[in-house]
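Chain IDs A, B, C and D follow the sequence of writing; residue 1 opens each chain.
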């Protein structure tokens, strides 16, 4: 039982982060730093590809950026001035390593490496068609579909082939690609996943979040726009917009949980949005108590906002062990019930005899909410009130976020009152969907034309979900039948 | 360059934590959990010894408790109902592994394992004498001296031999020892390092801090008293006090930085002391500003206290990456200047154009204070005022704390005004020594008979420092000279 | 400097061995044993694929079969009754692992795994064509060409696609393939590389040499015939011969060096052929001496034959360390001259003052002949006569044997007299090409229609060498040019 | 089941080899080479200690010399001009590593490292006494007793202390020791285990066998004499003989099996002795047959002697896989019966229908004799006659040789006729004890004063076996009893 991240385990998880740099002397080292800053977007595998003017070099590994890409020998084996990297969640074993990105292929046009944040919602259908025509896949990743579509396109130039490929895919994609002639960065027409552009010295940088720009000392230029293809080469920076314009719908959950509080997403400070969420939450769901207590660390900015608006003191009632660098796998069977304590502990001397408001960002399965409330009661809390900094999470995401199936989402199975009973709090309240839009500076959600992708709260998916609908089995060719005469 | 803990690197570091349990079915697993809770007291090596009624089993490893002692195979190889463990700082390599505790020896009385928090200030002298009489040391640890003193004592019972040994040593020691007949826990006459006693089910537990009791679900019974030897065996719990009584002087820095905020040290909540330190600091050194910003994470409780007393809002102006589990070794040479950003980042959107008060627990070398002030200025801070939650650190510790030599302690070299210039703040202030004692509930420091060991602030050491004074080289025996006729 | 195999390093090296089994309960374990018996055919990497009735499982590793495929966890992860494996020479690193066979692909017809002994002499040309049509290669191995030819064939059944593929390739190939419907084994029309078929219980076995049949307790049935495709499935064993019949030309060097002496190749005992080679050598090149000394171990059978025919005693004058299991990398610089002694040593007490005949199987670069002659002289040999159990090796092999470029083949640069001077022997003689054919039971080489492939001795290659002739660079497509309007 | 060395597993095994060098620029690299040549004397662990004029450096590892001591980083970490090393058999795990030699201790006289070939037959008794006086052992090795005897000796100079220690120990020991003042080499008064002395350039070398001298290019000077202590320092070479002279009795089994055939032991070529053993065996036990077949590789020299004297052809009827570098652990359960074939295979084409004489060096448990005879019969042998190149092995060795307990020695349980039945041969004969002495150049064994230690054949042990007789339990001290008033 993996128990170090008891609360994180009960979170939606961003599945990927990407980072690319063109024109830097130590490109791969810069990518390693950038990926380190994006580690929270994918902690199970990482990879970097680099182009040295003659050859591509790739290193991929299970595990963190640190420990894999901070070794001089690895970085020296990734020479050149253009490089891109990727962090992701993944399962273990050999099968997994071949899925670690950047994916790479030798095309007739030369090498092609791609790092992808998002998820293609018709990948299975496209793959079946490609295999029927003779394409051989080396991974089980949806991303490889893009490469084969490029390889088998009947267009002449790589750019036309790339656009031809994009036009066949549905879903969410922020891509950073390497070719011998330069770097390609692009974002799907809805801009579901983020991608920003920056500059350091003469080099151009693309990254999933601005914190990665900060890390390498780059200044933020702008977001790559939804539906935009940006090409950086020795001829400079060019922009293409091959898609018909539509209203963008970036992921609203980046503001709630995924992005780091020190990132600027779509022009807004994540920290200030989260504090404002706390303010809205205090307005919508006030209650009297001794302390406002954040569930560390994701609940902290909203708790500060809640405390400032309500005038109730902000206190650290749950201590998270920041000194612990490695995951602790609880040994043996007899002591499993300790679970949640491996990384958090109640500040008993503070809590004992007090009425507290716990602030958390979301409830997914509810398993850890249950444990943390129990921990507060064991420490002597007189009343425990839970306030959640987002609406109830009721639907799965198919755009690159790891969500449990619906049946395991607590809010898909229970009313708020039932949830309060289940996690054993004295009261429970969620932020309203309009409250969330207000914290983002809107007046309310535009029901006809929503400003964000909020499908996890509303079930309103902005694209087709082809692979969810199309479950017909592949028709099999006959195999070793006697040879036709 | 190791850069993940840029602020931690510029801290005094507790060198050890100990944990022992007698009478539990899964003793070694409990020790692993307890050591995990004490990981902040020593992150470079760990070890556990267990007694299964017939044999001792020991496993020691470089690195964290997690990753080494959360493996079922390791824990299964440590059977029995009595076990003790140790975390420590250490250097790498084979030489180091033999220094990892618990140290173990087969004495004539049977096996003897010892885990030690503290430092023996006359160890070098004692070792020279022992070697001259034929003792062979297998480690370079001061702790091994204790074992040899026991082994060569002329007393008859193990307890008398143990007391005989303690009476020869000076300095700081909280010990947990395993023998075939039971567990011995003891604390030096001044009680310099902490040691608490707890109970879970029928089992007795000893630990450096109460958080380790919390982790294993044990209730806190009491501190082991300065100068007390506690023996737990199948005959129950006995207590011996072989030393003449003197006024204890426990380490004051446990309250300032070493202990976790959720621990109870000497009957007081560490969190509440640190908040009170913030209050005293605000009283002694008020200043007008937009925000109170903690240097995460050790400055946070004092910052909350400072903010609550001053009425200035508490805000997260520095974001620490909690998602990063492993140390990032910065690759290459060209990008070293990034240093401090690997684990922290300025919350630029908040800081820009503002007057801020930074709260940190102490200044050691000043290297990271310099960097973090610069990071605040780069983020646009209009004024940066630094307030330190302890007096200036001017003296080395010889009682089990890793301090730089005096020449590297900034406060040993500069006045406060010079320090303010050096780290480039608009103002700098430290808590007074009496302010610190006040936060601990005293009226002031009792100059004639100080209530704590505060030598790092005052230079007033409570014991002889024999090894610091006695630097005469060992006189060498002649070796392969011709044989005497 | 790798010096453990000083004599082996100066040998031609077979590049691969293959083994497959259909219908055995512990198929993968049987393959592991079979590959272990074929380890001499490829010591740098190994792989096994297995089919469990539902899925394919593959494990590939750098290094020996032992240490990789004798682990229970690995074998358990390769379940099923059909499996195939491969040993090969390869270089190190990630790039290499993707070249380790069996290669595997998901085709539209289902999974397809292939293990290949030999070399395709028009692979580069075929690959260029395939990439132009959109195929993406995941390895740099010539073998992958076969898979893509099958995948993109326009025929309907897998068998027709497979034959379509074989008809496009030139060179040497003995293949063992796995498909969901059964196993395919085949051999190129000339039968250049060996492949035998055996039976153990109800299972069918294919292997490069009969020693692998012995290892798994299988009885030898017959060789797979040149140009034959054998299919084993639940419908039994079927044989296809899609090629026009031509005279086979199996590799003659299998008898000289590659195959183990206890194998039966093309119906003949390798040991008895090598002894007969020694007899022919003694007839063609007699000389008076005290001892016949084999260069261990490949020279031993010929030395026994030479000794028995000449009446000169056979003695062990060079001792090979059989106890040394691992390669010794000579450390440091100052002692490099020791080289050859790491695995062999002169039996000085025997050699001193004697006239000796050294018997070796071949001379490639001559580097180790030089050292071993010097070792004999240093041990006091009065005269050193060298007799070689094959004709001079003057040409490179392009059919799956690792030969140095011609410029490094001593016999391609020097006459026999010059070679004798170079390696500093008192006399040197090689077996004639007709003597070699006589040892194989022929009257002589049939110059018009040679019975074997002996290109390494004669330069008479039995196939086109397309890739050797066709060195035109690939024409590059343009890439990121502006998009056509 | 470990099956790579099926025949070796059924051998007596030398437990150690030692090597030391004084005065060479690359001392540790020379030791690594020397140990590599001695690898057959101990394959499970190795260690090297070096003295650089200021400090001792030691590296010890489980496993072979190659793979551990051929790495530049390891050798560079062992600087200096004096070094010594050790190879041994050992069990796995942490416990084992602390037993790997050279053992090292910081004595009052400075560092002291010792490498020991042999076994001390009163070590347990001495250890009990030392522990009672306060010595703490860090290993379970008998060798550590020597160090503690030196450390606690009441003599003044190291040399006197060393002699004082040797006079208290019984059994077999060839030692190479490092001290800051020079190297000490010595051999027990009976000279049971070998130790030779050589020279290369200005450096002096000590080694268990002359092959190690050959490996480093050293010339053989002489054997260290039984009871002699040789000291090499910057004052040159000195020799001490502190023991009363007695007739030496070197181990006779070194000639039969332990030493490499290319070594010179006690002035005689091992290869020529083994060939002569074959001649004596043919004289004592002639039989008519088609072939003389060695059990490879240890039976080969005797088989050559047998063949030359009998006129029956020497042939390779059993092929040993020389290509296999690593131990193959047979996976799974279903195929265990293959056992012996993993490293050997019958040369079926030769054996089929023939009468053969198998020559092996000894029979220990008989398990592999049984298997190899069966292998010959399975290959079609008409008659199998076994001839053993030594007398029946009926007694355990207590002098540093790994022998099974007596109950597992086949010859201790059965007559020769019963053994023949058991291993299923048509006839079986052993060399007589006098025949063995004759092959060594003696007229016969001198029953009153045997020229060799032949206890494994005769049960006539040349020393006391104190630890075999003295099995009284240590009296335990009382431990945690109440303190005496």
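Criterion: a residue touches a chain if its C-beta (ideal position, glycine included) is under 8 Å from a C-beta of that chain, and two chains touch if they have at least 3 such contacts.
Chain identities (UniProt): A, B, C, D = Amidophosphoribosyltransferase.
If you're wondering where the values come from, they're calculated on a predicted model, not measured in any experiment.
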Query raised in the report: Looking at the contacts, which chains touch chain C and chain D alike?
Result: none
Query - Shortest chain-hopping distance from chain B out to chain C - result: 2
Query raised in the report: Relative to chain D, which chain has the most distant C-alpha mean position?
Result: A
Report summary line: Note: chain D sits from chain A at a C-alpha centroid distance in Å of 62
Query raised in the report: Between chain A and chain C, what's the gap in Å when you average each chain's C-alpha atoms?
Result: 50
Query - chain A-chain B separation of Cα centroids, rounded to whole Å - result: 38
Report summary line: Going by residue number, chain A touches two or more other chains at none
Requested in this report: Considering only which chains touch which, label the overall pattern as line, ring, star, complete or other.
Outcome: ring
Query raised in the report: According to the definition of touch, which chains form touching pairs?
Result: A-B, A-C, B-D, C-D
Query - Touching residues (chain side chain A, partner chain C) in the complex - result: 58-59, 94, 105-110, 131-138, 147-148, 151-153, 156-160, 163, 179-182, 184, 231, 233, 240, 474, 476-484
Query raised in the report: In the complex of these two chains, what residues of chain B are touching chain A?
Result: 4, 25-26, 29-30, 32-33, 36-37, 39-40, 43, 63-67, 69-72, 74-75, 211, 214-217, 260-262, 264, 269, 271-272, 296-297, 300-301, 304, 308, 313-316, 319-332, 334-335, 338, 341-342, 345-350
